[in-house]
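Following are the structures in question.
Each of the next two complexes has subunit A plus one more chain, namely subunit B in the first and subunit C in the second.
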Partner chain A sequence: MSILIIQILNSLFYASVLFLIAAGLSLIFGVMRIVNMAHGTFYAVGAFTAAWLVARAVALGVPTIWTFLLIPLGAVVVALIGVVIEPLLLRPFYRRAEEYQLLVTFGLLLILEDVIRLVWGGLPLSADPVMDLLPSIHIGGLIYPGYNLVVITVGAVAALLLWAVIYRTKFGVMLRATSQDRRMASALGINVGLVYVAAFAIGCFMAGLGGAIIVPTQAAVLGMGIDALVLAFVVVVIGGLGSLQGALVGALIVSFVRTAGIQFFPEMELAVLYLIAAVVLLVKPTGLFGSV
Partner chain B sequence: MKADVSRISYRPKLWLAASAAGALIVLALLPPLIGLYQTQLLTYGLIAAIAALGFNLLLGYTGPLSFGHSAFFGIGAYSVAFLLRDAGIHSMELYILIGLPISALASALFGYICVRHTRIFFGILTLALSQVVYSLALKLFWITGGTDGLRVPRPTLLAGTLSFTGAGAFQRFIDAYYYYVLVVFAICVVVMWVIVHSPFGKALQAIRDNETRAAFLGLRIRRFRWMSFLISGTFTGLAGILWAPLNGLTTPDVLYWTFSGEIVFTALLGGFRNFTGPIVGGIVFTYLKTYAVATTEYWQLLLGVVLVLLVMLLPTGIVGAISVAGKKLGLRGNPP
Partner chain C sequence: MHEPSTIDRRKFLGALGVTVGGTGLAGAGLVAGPQLVKAATEPPKGKIPDTPYKTGHLTFLTGPAAVLGEPSLKGHTLAAEEINAQGGFLGKRKIETITADEAAGTDANVKELRRMKLEGKIDLFTGVISSGNSPALGPVSEELSLLSIFVDGCTDFLFDKAVPQPKYLFRITNIQSADGITSAIGAAQAWPQVRKIAHLHPDYAYGRNAAEHFTLAIERLLPGTQVVSESWPKLGTTDFTSHITKILSSNPDLLFTSVWGGDYVAWYKQALRYGLFGKMKVATTLAFGVAPHALGKDHPEGVLAGVHSNYHFTYPGGDRWPVNKDFVQRYYKRWNEYPNFQSEGAYVTLYMLKKAIERANQLIGGWPDDEVIISQLEGMGYDAPSGYLYIRPDNHQGYKDAVIGFSKNSAEYPFPTWDPDRIITIPIRNITAPPNWPKPGQGHNESTAAADWIKKTWPKAMG
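Up next is the complex of A and B:
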């Protein structure tokens, strides 16, 4: 029984990180109609930045309790990178064919992967002190790290906040208007360029946050972003590209299937996920919640 | 369409055949001049060209962008490794004869699923399916060797008349294999040329340019896309079959989706809007990557910058740019 609870918690933990990545990907696609192949790499940049900051702070003798505050900084850095990249690299491509948009973000992926290696080297970086800060909790005789509950909470709060921003604020209305009809929104006086930058920055922030909060539990390694991207694709394909609920439900489905997979059929775990995505695309091409 | 038909008159065709024959002769004379290493590199280049040629039937002539062609390349390479290990086959001809239907079967299956979608969904679906193959190759390590991959020693060529053991075997193999690949490459180019200039190829281009109009003309869009996917995947599979013995090892890396990205890159580099683009792209990309890897630790960065610059400044690729420049100078550009 307690194993079941732990497995459910594991799934939720994994789902909240996946949701952060996939929701960003989905938001960017929903507003800008660009599938960002470098999105997973943004997640990796967030992880590396947070891990590096924590390691620096610990080395400088900052009390570990304060290192907690450094985690969100990783996400902020990624958002700033997004603010620079959108006008510089992506803006020239909105009117071009889809292939070019995919390719330019693929080029960005190649560049960023090596920038990570250039800045932080090839060795894994971890931020264990943050993880050790929180006590473990006991579930029916089994020990579970308290930090994982924080991650689950962050995921849930992020989902709520994002929902509130998109559906309950003026900025959200602008965002949705732009995503539905860019020219009409522009004609109505919305600064579409600004909305695009904001949407891209929010998407990047979420990917970075996903990386930053996972890094205390597992080290940041090269290639983590490329792996994460494909899983995020699976999530948005199941849930529907451009849909927030879809990203949430997709992340939950993928996480539970993956946890079950690791338990019962470890060899097929990843293959099953990709097959689920393929089946969803066949049966309902727009995904469970998509309307594209 | 009408203009196109009249343009392909007798004289340009002869001119084209002559220039193709000229290029082939140059390629055939090269090895003694450029040495062993360059010959090996050029062989890799020709193989990449075959893969890109197949890929381009889909992207350049039919429209959809596949991000899963690594699957067919990898299936070709792994079928060679399996044939060697489990059936004890050492003959290159048998590899091709058995490997081609396997690649065709895989492409037919993948294509059947993927052509139901267009645009971005097609790309993601091909990516997802190729990742299924990748994760199986990675996880079923007792069959595929996992990340270690499978070794593929030098096969015999021409039904066993040429075998490569003993002293200097490597050099003799590369020398012979270069011509072997060159012949296969020439056959591929001719076959692909015939395909894209046949009524079937014209139908594909009609679908690419305007799907609705093509449907009204009575073309069965999905069937044509499927056929195109099948041929495209089989060509890429053939490239994988040829690649495995040259590389001596096949690993899951060639199944990973970033390798599909490299195939797309190759086609774009040469220019996917014309016939010769992917061929040039395959050879240039091989050299570009080799020298990038040799000169800097951060070769991915270099390739990424080249890709971004290419997409921004030179979207028609090398061949496209040359033919535009040629037209501007009043010369005749490369034939499309």
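Up next is the complex of A and C:
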């Protein structure tokens, strides 16, 4: 029984992070029609930035309780990178064929992966002090780290906030209008350029947040962004690219199925996710909530 | 079927030559250090050209495996700088190195090898880390008649099947099957009461090989053990929460894992928070193998910490084996970090080549042809920092005694190292198939010659 509870918590934990990555990917695609191949690497940059900040703060003698605040800072840094990249690098490509956009974001992925290695070196970075601030909870004879519950909460709150922003605010209306018809939105007086920057920054912030909140539980390692990108694609293939609900449901399906695979069919762990994605592609090629 | 005979476990471990505590360098010191110095002081015979000696070093310069690639190139560079400071090979030919990124993928690596030979005109091809790449590159080296000394890429498959009769190709690090067997011997020696075993391995050739050979060996060393849990995460996974919970749910006495690199760091940090280390013994193949300083002092003590069965810079320690002490000091001075097994392998590669070139020169004078250099590399024994290294002439594979230890924190280093009193060494000939043992496909269909050899010749331990 306690195993079941912990495996459910593990799945929700994993789903939270997957949702943060996939929702940003979906949002950027929904508004700008760009498949951002570098999205997973933004997640990695968030992780490395947060881990580095925490390590610096601890080295400087900052009380560990304050290091909590450095986690969102990692996400903010990634959002700022997004603010620079969108107008400079992506905007010239919106009118070009999709292949160019894929190439330019893939190039960005390769560059950022190398930048990470240049800036932080090849070794894993960790942010343990944040993790150890919260006590473990006991479930049956087993223990579960309290911090992981924070990650689950952050994922849930992020989903709610994002939904509220998109469907309940004026900015959300502008965002949806721009995504439906860019030229009409522009004709109606919406500053489309600004909406694009904002949407891209929000997407980057979410990816950065995903990396920043997960890094205390494990470590920031080279290549983590590529792994995340592949999983985020599986999520949006299942849920439907460009759909917020799709990202949420896709993240939950992927993480629960993965956990079930690990627990019951270890040999299938790798295959099972792609199997679901393949079935979804066969039955409903737009994904469960996709409309493209 | 070969019904294994039975033997008392202590006698079995004794017959395997297992040494605990690291007092002796089994097999080492057969070639005394001073002889080397003497060989090096003989002046070269004949006229030596002063053209540079070009080497191509292929290793991971980007991606997660760069934690292994960087040390490899650093070891190579240090050796090249030292040799060049003495004028180069035979005092004349300075070593020049071109590099390429192994992360480009197997096909690109094969193209790069051809380009290095045809365009870069390299004399030596070296480096190579991935077992996925070495079987593709090896045959090309042979085809190009290019002297190649792989530092790693340790799969048994390379010399079992891909290049069964190598001429130009050599490899320095111990073969892969030694990893699983070494960990099994370490576990059986330390924890004979173990009955239930859980496995956690990256789902690719290395993880599969480690699991298979560990299981083969442990079935002989600790009969009656059973596998109670298996996990096969993708290489590059950093979320292990569900795997850890699954392992805990199966209540094993021992977890055996070949997860490595950043994955291992992410794994142990999560396992700590789930209380895994308090509930079972843990044996690894590569916990200490990647970079000594990659782990933090939060890493639990008493874990059987593998180094790819090759080398950890603290062993042989102290003044017992000055070759190692000197190497570690020079490496630290140059790079401000401690070497790992790739650093040592790449470093030794160039020095063994140097020795082979010098001997070949003494034999024939002038700059020796590759054929003569190869004849000197075959069967060569070398006092490496890790101990005595022997190149077997039949398969061109480097063999050195396998070594493994238990993690312990000390005041001396800001990361965990081995407990010096519990280091386990095993003579390599006792855990690898002997020369001319039938390779897979020659009368048996095991995955490796080593697997067949264990099944047919190892007894079963009792008690």
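By our rule, the second predicted complex is superposed on the first by the 292 of 292 C-alpha atoms of A that agree within 3 Å, B and C clash if a C-alpha of one lies under 4 Å from a C-alpha of the other, contacts with A are read in each partner's own complex, and residues count from 1 in each chain.
By definition in this document, contacts are C-beta pairs under 8 Å (C-beta built on N, C-alpha and C of every residue); 3 or more make two chains touch, one makes a residue touch a chain.
Predicted, not measured: the structure shown is a model, and the values here were computed from it.
Asks: Return fit or clash for subunit B versus subunit C, each positioned on subunit A through the superposition.
Replies: Here the two partners, once superposed via subunit A, clash with each other.
Asks: Per the contact definition in the header, classify A:126: touching subunit B only (first), subunit C only (second), both, or neither.
Replies: After superposing on A, A:126 lies in contact with subunit C but is clear of subunit B.
Asks: Which holds for A:11: it touches subunit B only (first), subunit C only (second), both, or neither?
Replies: In the superposition, A:11 contacts subunit C only.
Asks: Now for A:267: first (subunit B), second (subunit C), both, or neither, which partner does it touch?
Replies: Once the two structures are laid over each other on A, A:267 reaches both partners.
Asks: Tell me which partner A:100 touches in the superposition: subunit B (first), subunit C (second), both or neither.
Replies: Once the two structures are laid over each other on A, A:100 reaches subunit B alone.
Asks: Check whether A:224 is in contact with subunit B, with subunit C, with both or with neither, and answer first, second, both or neither.
Replies: Touch partner of A:224: subunit C, not subunit B.
Asks: So, does A:35 touch the first partner subunit B, the second partner subunit C, both, or neither?
Replies: After superposing on A, A:35 lies in contact with subunit B but is clear of subunit C.
Asks: Applying the touch criterion given at the start, work out whether A:168 contacts subunit B, subunit C, both or neither, answering first, second, both or neither.
Replies: neither
Asks: Figure out whether A:114 sits in contact with subunit B (first) or subunit C (second), or with both, or with neither.
Replies: In the superposition, A:114 contacts both subunit B and subunit C.
Asks: Using the superposition on A, tell me which residues of subunit A are in contact with subunit B and, in the other complex, with subunit C.
Replies: Touching subunit B in the first complex and subunit C in the second, residues 113-114, 117, 226, 266-267, 269-270 of subunit A appear in both lists.
Asks: In the complex, go through subunit C and note every residue touching subunit A.
Replies: 62-64, 66-67, 70, 203, 229-234, 236-243, 245-246, 248-249, 261-263, 265-267, 269-270, 273-275, 291, 293-294, 296, 298
Asks: For the complex, which residues does subunit A have touching subunit B?
Replies: So the residues of subunit A in touch with subunit B come to 35, 37, 89, 92-93, 96, 98-100, 102-104, 106-115, 117-118, 226, 230, 233-234, 237, 241, 266-271, 274-275, 277-278, 281-282, 285.
Asks: Which part of subunit A faces subunit C closely enough to touch in the complex?
Replies: Within the complex, subunit A contacts subunit C at residues 3, 6-7, 10-11, 13-14, 17, 113-114, 117, 122-124, 126, 128, 131, 136, 142-145, 147-148, 214, 217-219, 221-224, 226-227, 258-259, 262-263, 266-267, 269-270.
Asks: Flag every residue of subunit B that touches subunit A in the complex, lowest number first.
Replies: Per the stated touch rule, the residues are 59, 65, 67, 113, 116-117, 119-121, 123-125, 127-129, 131-132, 135-136, 138-140, 257-258, 261, 264-265, 268, 297-301, 303-308, 311-312, 315.
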